[in-house]
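All chains are identified by letter, namely A, B, C, D, E and F, in their written order; residue positions are counted from 1 within each chain.
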Amino acid sequence: MSHGLLLTFEITILVLAIFLGFEVISKVPTLLHTPLMSGTNAIHGIVIVGAMLVAGLGHKDTLTTIVGLVAVVLASANVVGGFVVTDRMLEMFKKRERREPDS
Amino acid sequence: MSHGLLLTFEITILVLAIFLGFEVISKVPTLLHTPLMSGTNAIHGIVIVGAMLVAGLGHKDTLTTIVGLVAVVLASANVVGGFVVTDRMLEMFKKRERREPDS
Amino acid sequence: MRIGVPRELEPGERRVALVPDAVSRLGTGGFEVFVEPGAGAAASFPDKAYAEAGADISNSPWEADGVVKVRKPSAEEVGRLRDGQLLVGFLEPLTDHQGIERLAERGVHAFAMESIPRITRAQPMDALSSQATVSGYKAVLLAAERLPRFFPMLMTAAGTVAPAKVLVLGAGVAGLQAIATAHRLGAVVAGFDVRPVVKEQVESLGATFLDLGILGEETAGGYARELTEEEQRRQQDALEGRIPEYDVVITTALVPGRAAPRLIPAGAVAGMRPGSVIVDLAAEAGGNCELTQPGEIVERESVTLVGLTNVPSTMPYHASQLYARNVSALLQHLAPEGELALDWEDEITAGACVTREQAAA
Amino acid sequence: MRIGVPRELEPGERRVALVPDAVSRLGTGGFEVFVEPGAGAAASFPDKAYAEAGADISNSPWEADGVVKVRKPSAEEVGRLRDGQLLVGFLEPLTDHQGIERLAERGVHAFAMESIPRITRAQPMDALSSQATVSGYKAVLLAAERLPRFFPMLMTAAGTVAPAKVLVLGAGVAGLQAIATAHRLGAVVAGFDVRPVVKEQVESLGATFLDLGILGEETAGGYARELTEEEQRRQQDALEGRIPEYDVVITTALVPGRAAPRLIPAGAVAGMRPGSVIVDLAAEAGGNCELTQPGEIVERESVTLVGLTNVPSTMPYHASQLYARNVSALLQHLAPEGELALDWEDEITAGACVTREQAAA
Amino acid sequence: MSRDVTNLLYLITIVTFILALRFLSHPTTARRGNWIGAVGMLVAIVVTFAQHAVVSYWEIAVGMIVGGSFGAVAARRVRMTAMPQMVALFNGVGGGAAALISLAEFHNLAPDPGSLKTDISASIMLSAIIGSISFAGSMIAFAKLQELIRGRPIVYPLQQPTNALVFAAVLAAGIAIAAGSEQQWLIWVLVAGAAVFGVLFVLPIGGADMPVVISLLNAFTGLAAAATGFELENNVLIVSGMLVGASGTFLTLMMGRAMNRSVANVLFGAFGQLAPAAAGGAVAGATDGQVRSATAEDVAVMLAYAHKVVFVPGYGMAVAQAQHDVHALAALLESRGVEVSYAIHPVAGRMPGHMNVLLAEANVPYPQLKELDEANAEFSRTDVALVIGANDVVNPDARNNTASPIYGMPILNVDNAQQVVVLKRSMNPGFAGIDNPLFLNPKTVMLFGDAKESVDKLTSSVKAA
Amino acid sequence: MSRDVTNLLYLITIVTFILALRFLSHPTTARRGNWIGAVGMLVAIVVTFAQHAVVSYWEIAVGMIVGGSFGAVAARRVRMTAMPQMVALFNGVGGGAAALISLAEFHNLAPDPGSLKTDISASIMLSAIIGSISFAGSMIAFAKLQELIRGRPIVYPLQQPTNALVFAAVLAAGIAIAAGSEQQWLIWVLVAGAAVFGVLFVLPIGGADMPVVISLLNAFTGLAAAATGFELENNVLIVSGMLVGASGTFLTLMMGRAMNRSVANVLFGAFGQLAPAAAGGAVAGATDGQVRSATAEDVAVMLAYAHKVVFVPGYGMAVAQAQHDVHALAALLESRGVEVSYAIHPVAGRMPGHMNVLLAEANVPYPQLKELDEANAEFSRTDVALVIGANDVVNPDARNNTASPIYGMPILNVDNAQQVVVLKRSMNPGFAGIDNPLFLNPKTVMLFGDAKESVDKLTSSVKAA
């Protein structure tokens, strides 16, 4: 099996992901624009997987490892910060809904 | 690159296709159930590609070729019949919409 | 068949039994109509209109094979009737026994509009309903005109006007129409009746049902059963407590063949705010209010009491139009091709007939 | 400051200048109110209610520092006024020059309710608007009671009742209220006015605008300019052609300080269906209809003409309540802390004042 | 063309199929969607032809012409009412093709030891089983609908054990193949056994339930196609097959829901354990004498594409105080070019003029209100009569049944309209307390629920249509 | 764990991310969606740790703790108002990580000739460029929002040529890498050049437009992550990265639309060729003195999640004859548990009682109507005041501006509510013919359009919310 075949499958995945991405967020209310942006921001923190792979494969030279580790640090900040910020934004949202009647 | 890697990518494709399938047809009106069923029926006529590949690869023995050709015949019927039937169903639909005012 | 339409002689009666439109409709159904000159004038139907509709205004209506009237004939009119002649009108069979006796003596086929059974098939002939519709509507106008207040709520630069509160007692045909009309004008409306099904009907008009905890039953014909004395007392007491909240009370409670139930004792009237109005549509049957003066509009305890006995007649044009339709429907039922063909097996014919040729029914 | 409320003497006038509610409100604003016994009786406000609101019903209202009235004072009443005293009421400054003269002679500070400028700030004092609201509403009731037909459409077992067609000429405050009320009752309503902005206003009430192709202008105060003679003639002609379509015509057209414009010639009345009704709210200013008899209800050409001149007085409770609010707002403007402090620079004070202490304004 | 280039070009087909599905889900775009799908299919075929590994051009072309013409002719000739069995037929041949591909692949690869990796052999067995079930099941469905065999559930003793036995045999053969056995006969047993199971599976299901079964088998064929994609390492087959598999499954569930029945009930109801739900019946397969209930979306599509709609209000509209909502729906339909009027029966409601009062309150223009005679003259050219909480006033017994207590009352002949929709909460009678045969009329669908809520749902659904 | 098993387990993460996105698009489920995403992320991290190829556990763990704590602390500490710059910051570091991965991969693979296939090198260059632009651009966006540098567009002569030049250089290096050059310095030039371009690209964009820019850069980071997925032949990276890339792009377009501006206008507006649209302003970034217009969906969410909503009808409601629709909206909100009332100004409309007549026609219950004083007492505990075609009666000039012709008229103090929404067709004045500063209040958003249509849209949107 050729490397080319794998590539075509990768591209197929890409195309499907594009459609899913569009499909899934069509018709979001404006008020959710910012939290949704923040939520997707957290999701692309998945580069942490790439960073771990690059940093973690033992047989690499020091530069690779160091650059990889810096990438891990950055990506971790993205992941944790992203989810926490989103949660805080949405919390604000929820609170309003939950406010008990004051009359 | 292993055959296993390709398989994982194939499965990834499968998963994405499942989501897309669900996503795309959520909320169809009941009246479209039958045409939509018919339309998807036409789409799985894509097995014709498989049939062509099986029948068309020259170095196979006769049985393969014959069975493949029968598959081509069946799949072609699926493709052509499927699209035509769907179109006829939807045509009926359109006509009603286009009817000119009669008063 | 020839039908005569005499002018109504009852004082204050402005309606007429057939309107020009009905005359032309009957004309195509094999009837000939004799109209007394001036019969429709009070209801805004000039003789010219009758003539154009094909009526004969030169012959006496009493010559015809049948006479249609709104009110029961006077003694003098009864004298002009003859054996076998048809008579249709509000003949008051349950209360005016003497009048019915007289008709029986003359041997007329007399059909009382109020005796037509209230079955689905007979709805086009149901003059009680059509005239009650007029009364219900008009009762609200009578009240609104006499009330020193607005019906609707208004929030204005000169302050807020609170909406009038209207109570309708007895939510039959007239009562429901009154509720609908008062609601339209913007009043806050409540309805009350002893028949349990009425609650939903009142609410279906956007009004509320006043729950007094007193419910009677419905008889087979859809009418209310008369309450027992004990029930009546409880009802009066409950109402006495609630009536002072209202600016307008419209009463329509009737039990066929009985005196109107007493719903509003004098004490309740005294409790009302000065300027309030009571319209008693049951005045003719003695009134639902103790202080009602049948036929008159009086003031008692600073409350205006409207006891008019013939409300539909105050809106003669449409009241006559509807009545004429009822009468035509009955005539077409009794004389399908324009020829009298009385089928005594028929529920409507048998039910509406109060006297027959040569013998009382 | 002490304010007196005398009983209105004008025949048929049932309103009162201050109601108990206004009395208590003024009480907290530094005013003392003297009410003549029986002043509010015709409007359903008993003396007891005034007393409970803090009014003094033992002193003569004429003793007070200011007198508030609905109608202009009679000659006899003017005699009881004194120099520097405050007088508030409908003083008819544009038409009753003699009366104003007399007031000037007495040296009273006279403020005419109808002269309050129609600016935003003065809206709570705008008695023309508040009383016109009453008139507009009542005009429809007067018409509906007298019309031998239904206003609403009804499709019944006894046939269909067509809705009444109502035309309202002049769609100012009263006209718009009439349109709204007739529409509520279910009539098919059209409105007409010479001011171009009115079309949208009529439509905002769910009615249609009758387009006669005649449009005048609006003056600075929001009033209509008087039409030229040529325009008037064209209007009459156009209306004469259209009016027979309608069952009810309500007219409210006025131009301040002039006789009411003639909109409906006798010919148009003759063209109407028998039983139709015209309510002329401009009767006091001579009437919009040629046949109107100011102050009376007459029948002409089988059409009922309602020419009552004091319609608000037929609904005295709410008319008084609104008027009292207007008067209180003016009093509070003229005497902010309960002490008279007339600021002649102020647009409202200057505009509403018709005579001043010792000298005519 | 190399295989990789082919696979990239197949992406075009994938995209068109996704778009086709999206478009098919919307009434206004559905037809366009079908065309887009057809174009994508053409691309896939051309691209496959161009792949240099494919050599037997002529044979394939002839095969395609044979199969294609059959499909085209059959699809064009058939009557509109026979459409469902056509879908079953074409679905069956698609499933058959998938099964045959697996058969050929196995035959082709098995003799070459080691060439059959576990995932490939598992795919072969799956597509063979599913394709074969789909083929045989669809043929039975076709035969039932075409009335070649009787439509009623066919049951016989020991049905369940038989089915289980056949299925177990198929499964055993399948596991053997997946486990690496390369015996040729296994695949024949597999295909044949699955076909038998397909027959047994569909036989006990009644004709009225066939649409749901066909939809399920349709999803099966999609899955079979996806499995062949794994066999052939082909992206377009995997994606398209799975799209159909997933959307078809969802669609099957929705169809079941529209019939008020669970899919399990449809499939296994005949075995007697699960009694069919009493109230509902299939919209597509109902026959005279049955009450059919529809969803708001369904009715909304009828309304949105109608030319003329007549509203028939009754006491139920008053009880629900739905007059404002009714006017909003009518105004929406008008804005879409539908001709709207209201048929007012003289005794609708509980007082003379009841409907007038309410509709005037909601500002319905008077000219849209039609009296009995006028309305009855219009029904024959009415697409949809929407009965809102009326009952007695539209009861055809008043016309036909001399024994009925309301015989002789003139009624609104809504049954002259093309379609009748009745909005009420239950099958309860109205004022007169009598049953209404209108509700059993094949033209009629019921939309159960409070009139106000139903009308609101209709309004939102019409907006979406 | 083998790489293939890892890849299969990554599917869990993929599924959670898809669900997270779906849930995030809906107000009621958004928070749950975020949690689902976080769980999926955890799965991916654990799975990656478990892969036997990964060896430097400790270094990685320390790196994660360092980065993670910074992220957690920064995210928790920041004030609510500073959220947007936080998003920019975290987006930037994500982009930076992607660029660094590419740098490391190139450094790792390039010395080993032939190991760099074209697709891999192309991916490396794409993720390096895009990631680097996203990193630098986000940092500038952060600095602008944090007011470390001034927020206004920064322009200077020859800006465009400079940008073009930098971009050309980056592109040249990229092409060289993709073409197979394995020079180490090329990648450094690429990364550095892209970073410079990122800076230059964002500098000229104004602070108010930053949300759109951040959204775009967010999509960029997603694309960069997807590209690293190609480098590493990793499915979760490809799918997740592309999901973010696609949804982020769409979101950017929607944000632009919500601001009534094209994205091109936002990005290149400062260059002067495209003047910013006069009417609209960003909802998120508007400042005092600007008219902000909102969409119906936006307002619908405000209403649906409010505790108390006060409707303020005026002459515009009458003109639009929207009273029935207003009542329908109010009833819908009530059914969702929102407390609803109507504030009736004594001179709203054109005749005394104008609003009363209309609202009574629509059957609005009398107790819900509040007089001026009563209503004003309620506004301070009102979440949303919905002004429907009123103007003069809510003009705060009547309270504050002695020069105003309406000074002294008591008005409805809607500006005491948390938020004010004004429904009218334009910025035209009302009866008094004067401007209304309420419309410029930062609390106010305008929903332009005919009142009836706007209210209808709100009703459908509230139903969907």
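What we mean here is this: a contact is a pair of C-beta atoms (placed from the backbone, for glycine too) under 8 Å apart; a residue touches a chain by one contact, two chains touch by 3 or more.
Note that the structure is predicted; figures quoted are calculated from it, not measured.
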{"item": "Chain E and chain D - chains in contact with each", "value": "C, F"}
{"item": "Same or different contact residues where chain F meets its copy chain E, judged by the half mark", "value": "same"}
{"item": "Most widely separated chain from chain C, with each centre as the mean of CA atoms", "value": "A"}
{"item": "Chain pair, B-E or B-F, that carries the greater number of C-beta contacts", "value": "B-E"}
{"item": "Whole-Å gap between the CA centroids of chain A and chain B", "value": "34"}
{"item": "Gap in Å, rounded to a whole number, between the CA centres of chain F and chain D", "value": "57"}
{"item": "Cα-centroid distance, chain A relative to chain E, in whole angstrom", "value": "39"}
{"item": "Interface hub residues of chain F, defined as touching at least two other chains", "value": "18, 233, 235, 239, 321, 346-347, 352-353, 357, 360-361, 363"}
{"item": "Residues within chain B bordering two or more other chains", "value": "1, 3, 5-7, 9-10, 12-13, 16-17, 19-20, 24"}
{"item": "Overlap residues in chain D, where contacts from two or more other chains coincide", "value": "123-124, 129-130, 133, 152, 154, 156-159, 161, 184, 186, 206"}
{"item": "All chain pairs that touch each other", "value": "A-B, A-E, A-F, B-E, B-F, C-D, C-E, C-F, D-E, D-F, E-F"}
{"item": "Residues of chain F that touch chain A when the two form their complex", "value": "10, 13, 17-18, 20-22, 24-27, 30-31, 33-35, 37-38, 41, 44-45, 48-49, 51, 53-57, 59-60, 63-72, 74-76, 78, 80, 83-84, 86-87, 89-91, 93-94, 96-98, 100-101, 103-105, 107-108, 117, 119, 211, 214-215, 218, 221-222, 224-226, 228-248, 250-251, 254-255, 258, 283-284, 294-295, 297-298, 300-302, 305-307, 339, 381, 383, 461, 464-465"}
{"item": "Of chain D, residues touching chain F in the complex", "value": "119-121, 123-124, 129-130, 133, 173, 176-177, 180, 184, 200-201, 203-206"}
{"item": "Interface residues, chain F side, partner chain E - complex", "value": "321, 324-325, 327-328, 361-363, 460, 463"}
{"item": "Partner chain C, residues of chain F touching it in the complex", "value": "344-347, 352-353, 355-357, 360, 363, 366, 369, 371"}
{"item": "Contacting residues of chain B [partner chain A, same complex]", "value": "1, 3, 5-6, 9-10, 12-13, 16-17, 19-20, 23-24"}
